[in-house]
Amino acid sequence: MKEELEKRIVKGPDGIEFEVEPLRDYYCEAAPTVMPQAYSKIIEGFFNWARAESLWILGFGTGCGAIEMRPLMTPRFDAYRYGVQWRPTPRQSNLFIISGYLSVKTLKRAIRSYEQMQNPKYVIGLGSCTINGGMYWDSYNTIKCLDDYLPVDLYIAGCMPRPEALLAGFEELKKLIRAGKAEGANQYAENFEWYKANQKKVILDWDMPDYNW
Amino acid sequence: MIAQLAMATGFALILIGFYGALTNRNILRMIVAFSVANTGVHLVLVAVGYMNGRTAPILDSAVSATEAVTRIIDPVPQALVLTAIVIGMGVTALMLAFAYKLYEKKRSLDIGKFTELRW
Amino acid sequence: MEFEWIKIPYSLLTLFIVVNYGLLMTAFIAKIAARVGRRHGIPIYQNYIDLIKNYGLRSSITHGVMFYLGPVFRLSGGVGLLLFVPSIYGSEMFSNLSFAGDLILALYFIFFGTLGMALGAAESGSPHSAIGITRGLSQVTAAELPMALAVFSVALQYETLSITEIVAAQQGSVLNWTLFTNPLAVVAAMMAFLGSMMRPPFDVVLAPQEIPIGPPTEYHSSYLALMQTNRVIFPVAKVVIYTNLFFGGATNWPIFFLKVFLIYMVSAFVGVAFPRFRVEQSIRWFLIWAMPLGILAILLV
Amino acid sequence: MVSAVYIIIAALAAAFILGFLKEQWRGLAYVITLAALAFMSWVSAGWVWALGWQGAEAVDILTAGTEPPFAINLRMGLPEAVLTLLVNLTGLLSALYLKEVLFRLGRRSLVVLLIAIMALSGIILTRDIFNLFVFFELVVISTGGLILLSDDVQSNSRALSAGFKYLIASQIISVLLLVGIIFAYHATGTLNIDGMAGADLMALQGGVIAFFLMFIAIVAELKPFPANGWALDIYESAHPAFSAIFSAATGAAALYAVDKLLLIGGVSWLPVATAIGIVTFVVSNTLALSQSNDRRLLGYSSIAQIGLVFTVLGQRDILGDDYYYIAFGVLIAHAVGKAGLYWLSGLVAGRGLTDWSALRGHPLLIFAFLTFVFLLVGLPPFPGFYAKWELARYLAAEGRLALLALILFGALIEAGYLFRWFGYIIKRERPAQGVVSDPLKQVVIFAAVVAGWAMAFLWGELSGRANLLLALPLLFALAFLLLEWLPAWFKNIVAISGLVGYFAMTYTEYDPLRLIFIIIFTLGGALTLLASFHTSGKRIGFYPGAMLMYAGLVMLIRATDSFDFFAAWELLTIGSYFLILRGKHSEPHALSYAIFSLAGAFSILAGFALAADGAVHFTIQSLSEVATPLAPWVFILLAVGFMTKTAAIGLHIWLPGAHAEAETDVSPMVSGILLKAGLYGLMMLMLGMGIQELHGIKLNYVMLWIGALSALLGNLMAIFEEDAKRLLAYSSIGQMGYALFGLALMNHLGWLMALMFVINHYIYKSMLFMSVGGVAKRTGTRDMYRMGGLITLMPLSFIAVMIGIIAVSGVPPLSGFGGRWIFYNAIMSSEYRLPMLIIFLSVPVAFLYLFRLIHTIFLGQLKDEHRRIKEAPFWLILPQMIYVACLLVFALVPGIALRHVDRYLNDFFPNGGLGWDGLLITSQYGYWSPINIMIIIGVIFMLLFFWLLFVNRKAQKVKQFNIVFSAERPYRPETTHFAWNFFAPYRKALGFMVQPFVTLFWNTITDFLHAAANLVRRLYTGNGQTYAYHLLLFVVVVFFVRMGV
Amino acid sequence: MRELLESLTTPYSLTDPVEQRPDLAFVTAGRGQLRPLLMHLRDKEGFTHLVILTAVDWLEEGEFQLTYLLSDRTHGRDIGVRVMIPRDEATMESIHDIWPTAATYQRELREMFGIDFPGSTRLNEDFILEGWADIPPYRRDFDTLKYADETYKQRPGRETRDPAQHMKEQLYPDGK
């Protein structure tokens, strides 16, 4: 446990001492819940269409794949025309592209960012490293199997896949979303214990609440 | 003429006295200097009251009350000088007493040594 | 100049028109900007989809009461500003709710949304929001100055604070527009306009990726949807004021659309061509370049 | 009537009897002395009664049975009676005070004391010049004797050497005097003063020099600067009771001797007296600035005061019938005050000024101290105040303006060091040695206190004006002195009911303009006092101060005469000074407040004096009749005085500290309420005098600039402030700048706006100060960056602040917008465009600091140590909620207050009023409908709010660290709360405008004064011989200056 | 460069001077000589910049080799100072007071090699690894594959080929 997260005795302005427990006092402890769909199928379908046509990607690049995403904004690929855009804050994003190998240290940040996104949210694993570790298969410090830690909707294989592959991936993802099959967020909430156990197995200094709201 | 001489002497004494008081650092010398100045003042007093050819303003057998107006000099300065002398002596005595006490305290009569109070 | 119930549906109609126009126009301008970069750009209907998507998100969080109310303040500010200003000159139907107050009301009501939004964003506790607010407030106060000077110059010129009367005075010929009768004021005001549109070179407030997106960092889902709605209403409302004060107002909707679009385009033009100012640079810029024009405008009226 | 000669006889007889007593019969000897002194006092008192009240004629006492010049005669007139009473009473009280010492020293000292008092009475009574000399020498000898005798018990030689220096000086003096006397006698043939005056000494040969010698000798007894080193040493080293005599009695006697002598010299010597007096007054006061020894400081002050009386003597030619009223006003105030302070110093163990903080546990002694200080400074209702007022009136009427300025300057410095001293007493750490408790000494001190108040009453009665001590508000305030033993809540109830009751009694008597002010002062004051219920204990000193301020405010509104106005002004200044001084770290700020306020008050005094042009009664209305060459200067003086109170830029440096360091419930009073007094003064001034021009510059144009700059710089300074209350204080400077600007526009709407600001600023600034004060109380800090995230813990305070800042910033729909709307309409019709631009710059700036206030305190990250704090106390919240309600009501229907004022202003500014047409308010240029705005905004807001509630009903409430932090997590709340140096970019761009130039300017002035004082006082080397040089040099210089001219 | 090496060799008893290029040389110094040598190089010879501080694990010799690479910008030359320290007592004097940047390198070496630099700032804080519990991973006796297999779930079905062989088969399937 990091020093700043340890329980501490604090003296108030009135001279009375009391205990502050950062994890309890500074973080919401609630677990994620499965979010129901809209009342009617039609509305949910309509929403899913809108979600599919408006993919907001979290601007978080984890490995070499980060460099493959930049061309998507350029005239050559222009992902914007597909309703794709990048948002700098996880609160406003609903697509998280894990763009390459994830070291344990980065995994922690990725989990935190993923949890700060709002339901429904989607994860794409980009490149071999996210699938089976790729060239880092024997590394002491990278995970080999992303879907153990985050609910991945789609993998794009390759080392590295080109931007065109990403565009194709978006189209595949859109299909999944429109079909109502991209329910990773709810899956994550349902299997929360399992995901957490996996995450905590590799992240040895777990210094955050179980769910980062 | 005598009166003028006396007056000049008196003023000279005053100036000498002041000079002495302002230049001597020794307290006793200062007191003496002031005495000299006082004497000068007394001389001036008397000199002012002096009229040529007249006698002292004492009404006795020599000068009768009726002719006093023309024969005696102005008695008032005489009275004043008497008072002044008395007072001057009192002050001088007092100063000497102070000098004594001051010497007792500091074993010194240098006026420059008594400057604890300043500014 | 009195309240009648019929004004309510009329105002809602204005609102409806402006929201749709705003959604399409901003997308169109984004498309133009994309074409400048030789991209295709977003579909013209993309704003609708984003809006629906954000309303359709399932979960949301709140940091507290002010956080919750922030977007409400924001949008109330935008809607109120729009409705306090007559949209179409000479039309009783689209004079909206301008009976409540004059130009001064509109000018001060601009701050209503800003203030509420700032309060809401600040309650999130995110330092990035606070930094964004700092930048935004610092910059907008400096930008507001030439704007106020120009507006006041115009008010002095026409000796009235009533927007309707100011528009009335510009009718007859294009040469009656304030643009030609008081060009200094218009230039100053347009400089201020650049500063309040959150486009380069004055977009350090949002500064995407840096802080991550400034005040709205913590906003999402339906909050963000409300703010997006405001994002299309508020600039239009502001441009309407500009149209009325400086460009002869609008006597019908097509003219309205055209003028709003053209004025809006000014900031887009500048935006695609310039890099970003730091806050103190933009403050200095407003004080050194825009303010003297405003001062001249007032002195010369 | 007992003949006055018995004063002398009794003393001599008693002294004679004492000589026969046995050394051991000390009690008896003491009783005899007391009896003699009491008898002497009684005789004098009898004469005072007879001459003063029963209209008896002055009496000449022929000692030798013959008329002068053949014998010495004494005269007992009213001045002599008063002075002998003063001398004898001082002697009696000092004898009582000295009981222990006198017992120890025995009868010899008693004799000397008696002789000293007798000689002093003699100086006053005698009309014979040589007799005067004799009495002076007696004083010297007895003084020297007293010092010599008392030296036995003092282990050091300090007093002794001082006495010797005194003797040296007196030797020189006596030589000069004697020579002068003898030549004067020679010239005139008489020793009688009246005789000499009748013989026209000056016309005779050598007469001028003779007179000069006599005159300068007696003047030297007044310890003029710089020939006064010996006196300072005595003051510092002698027993305080003796210093009391030396200061009060000897000074008075010597002054009267000079007064008599000036009869001989005639009018042509008056300027000399004036010059010596004023130089002594100003220089000694300046030198006192850098003193740290209490008795030496009092010595400087004594010398200065005597110099002041001497200056008054020099004005004899113009003062006419009021000569004695004024001279005695100053003299008695000095005598009572100085004697009292010296006696008080005997109770304090330490000699440093800060050691006087030992008094703090003794409210009665502090009251005594204050009485004496008031007497010295000349604050109402004491005699010095009346004297100062009348003196200024005469001086201004005669055009002696430089003199008036010097007097006021000296008085200001004096007030400065005396109030600084008071600050030490109240605020500094109490020393180990406490206060010597000696009931007898305290009785003596309180006798002086009683005398002081009696004199206050007497001077009030004699003034020919309304006696201040009979004014109901002041009496009410003073009554709280008697209630001090009661608990605070009780006093609070009394105070509130007093304020409300006074309003209920008098509210029919005001015009709408005054009504607004009186409502703010009384009802508003009562509202702020509600907050005072949150305190516990007795709160000694709070209520007299607060009620004094309210009394002053109320009297200010009711004043029609310039004198009443000025008296009220002084009262409210003093009251607020006490209030401000109560803050924990407010000592320096309270002092600068006091000094600036007094300087402002003096400026007002000078202005009124100039305007009155000698008229005894000068009403405020007649300001409009002041003629042109004078009028702009009157305007400037008064305006500067009032602008000091509104803290216009340049005169503002007292405000931030004073308002910020004040207690929680005091800040709203001094900010929300007190500042309005300045505005009221400005309104009265500008209503009366209109637009004035000086050298072709319209003065209201200058004020426009000042107002605009205050607004801009006040606001700018506020945004860079880390301390919440200081931020609000700077904001007040800005807000007052707006109001000043509005007034200076000199049109209908400008004034309406200023009034709107008066009301608004009262409400929101009181409210904000209370909320912020409540927060500061709970969090234990005023630094905003140490707070944060308090919204959930202190929701009501948050609401108050939020409503407050919306109102201040002028955002619709709250009442601040009304102010702005009127403001824009007002400047529409004004031709002054340049200052207007600055106002434009300052308006958005206000927005910055307001946001910062609410953000850094209530929003953002909650700190560890604040997690358990509670909402502010109920009694702090209650008034805030009332203010919120007021703001909302005033926002909806501003007409309730403004309509009437609008109509009233039509009398002064007939054009450009507002139209009140149902819900709509119209001006020449625009329109505004507050209720409609409120409804529209309310409806839109509620609709959107419900829409959001509908779409976002399941929002998860999260905690403070659940934020986007670039994929990291926050470390600690302290490092996550973005608050410190909040507007750093602004500082980079505009920070150069808030460099503390003004503070630097005033600091330089005070530093210069202190440095000059420190340099000049090196003159007093402590060497008796040097002092003799000084004396002679003084004589020579005066001689050449007088004769050379 | 050569003069420099010659002038330094004797006073600091350096060994193994190697002049790799005209502007790059390596020398080996004793543990005790390091500080005076670095001070001399920095203050007298103009090597003001610490380019890198890194280590090599000579497992077989039981030594760590620390390399301090310094750069002289005015003359465009670099010098590497090597210090050999025993593996079982891996402690070295900290030079963060000479170059503050050294603290970061030392922190990394501490984490990756387990070399201690007493007194270096923030030495024991996590640098790249968070919560590492095993032996330092850059030590050659750390078996990274074994660790990865134990710690991380490997996705089944992964095949490993020799890249050269694989490409050959892909490009020339007929085996030519």
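Chains: A, B, C, D and E, in written order; residue numbering restarts at 1 for each.
In the analysis below, a contact is a pair of C-beta atoms (placed from the backbone, for glycine too) under 8 Å apart; a residue touches a chain by one contact, two chains touch by 3 or more.
Only a predicted model underlies this, so the values are computations on that prediction, with no experimental measurement involved.
Any chain bridging chain C and chain E, meaning touching each of them, is among A; the list is complete.
Separation of chain A from chain B in touch steps, taking the shortest path, is 2. Chain centres were defined as the mean of their Cα atoms; on that basis the chain farthest from chain B turns out to be A.
Every chain gets a centre from its CA atoms, and the centre nearest the mean of all protein CA atoms is that of D.
Taking B-D and A-D together, the chain pair joined by more C-beta contacts is B-D. With centres defined as mean CA coordinates, chain E is found 36 Å away from chain A.
Centre-to-centre spacing of chain D and chain E amounts to 76 Å, using the average Cα coordinate of each chain.
Averaging C-alpha coordinates per chain places the centre of chain B 105 Å away from that of chain E.
Counting partner chains per residue, chain A shows two or more touched chains at residues 28, 89, 91, 213. Counting partner chains per residue, chain B shows two or more touched chains at no residue at all. Looking at chain E, no residue sits in touch with two or more other chains. Touching chain pairs in this entry, ordered by label, are A-C, A-D, A-E, B-D, C-D. Of all residues in chain D, only 789, 791-792, 802, 805-806, 809-812, 817, 820-821, 824-825, 827-828, 833-834, 836-837, 840-841, 843-845, 847-848, 851, 854-855, 859-861, 920, 923, 925-929, 932-933, 936-937, 940-941, 944-945, 948, 951-952, 954-958, 960-966, 976-979, 982-986, 988-990 touch chain C in the complex they form. The residues of chain C lying in touch with chain D in their complex are 1, 3, 55, 59-66, 68-69, 71-73, 75-76, 79-80, 83-84, 97, 99-105, 108-109, 111-112, 115, 118-119, 122-128, 130-131, 133-135, 137-142, 144-145, 148-149, 152, 155-156, 159-162, 212, 217-218, 221-223, 225-226, 278-280, 283-284, 287, 291, 294-295, 298-299. In the complex of the two chains, the chain B residues touching chain D come out as 14, 17-18, 21-22, 25, 27, 30, 34, 37-38, 40-41, 44-45, 48-49, 76-77, 80, 83-84, 87-88, 90-91, 94-95, 97-99, 101-102, 105-106, 111-112, 114-119. For chain A in complex with chain D, the residues that touch the partner chain are 4, 8, 10-14, 16, 18, 20, 22, 25-28, 30, 60, 89-91, 109-110, 112-113, 116, 207-208, 212-213. Those residues of chain C lying in contact with chain A across their complex are 34, 37-43, 46, 49-50, 52-53, 56-61, 208-209, 212-213, 216-221, 224.
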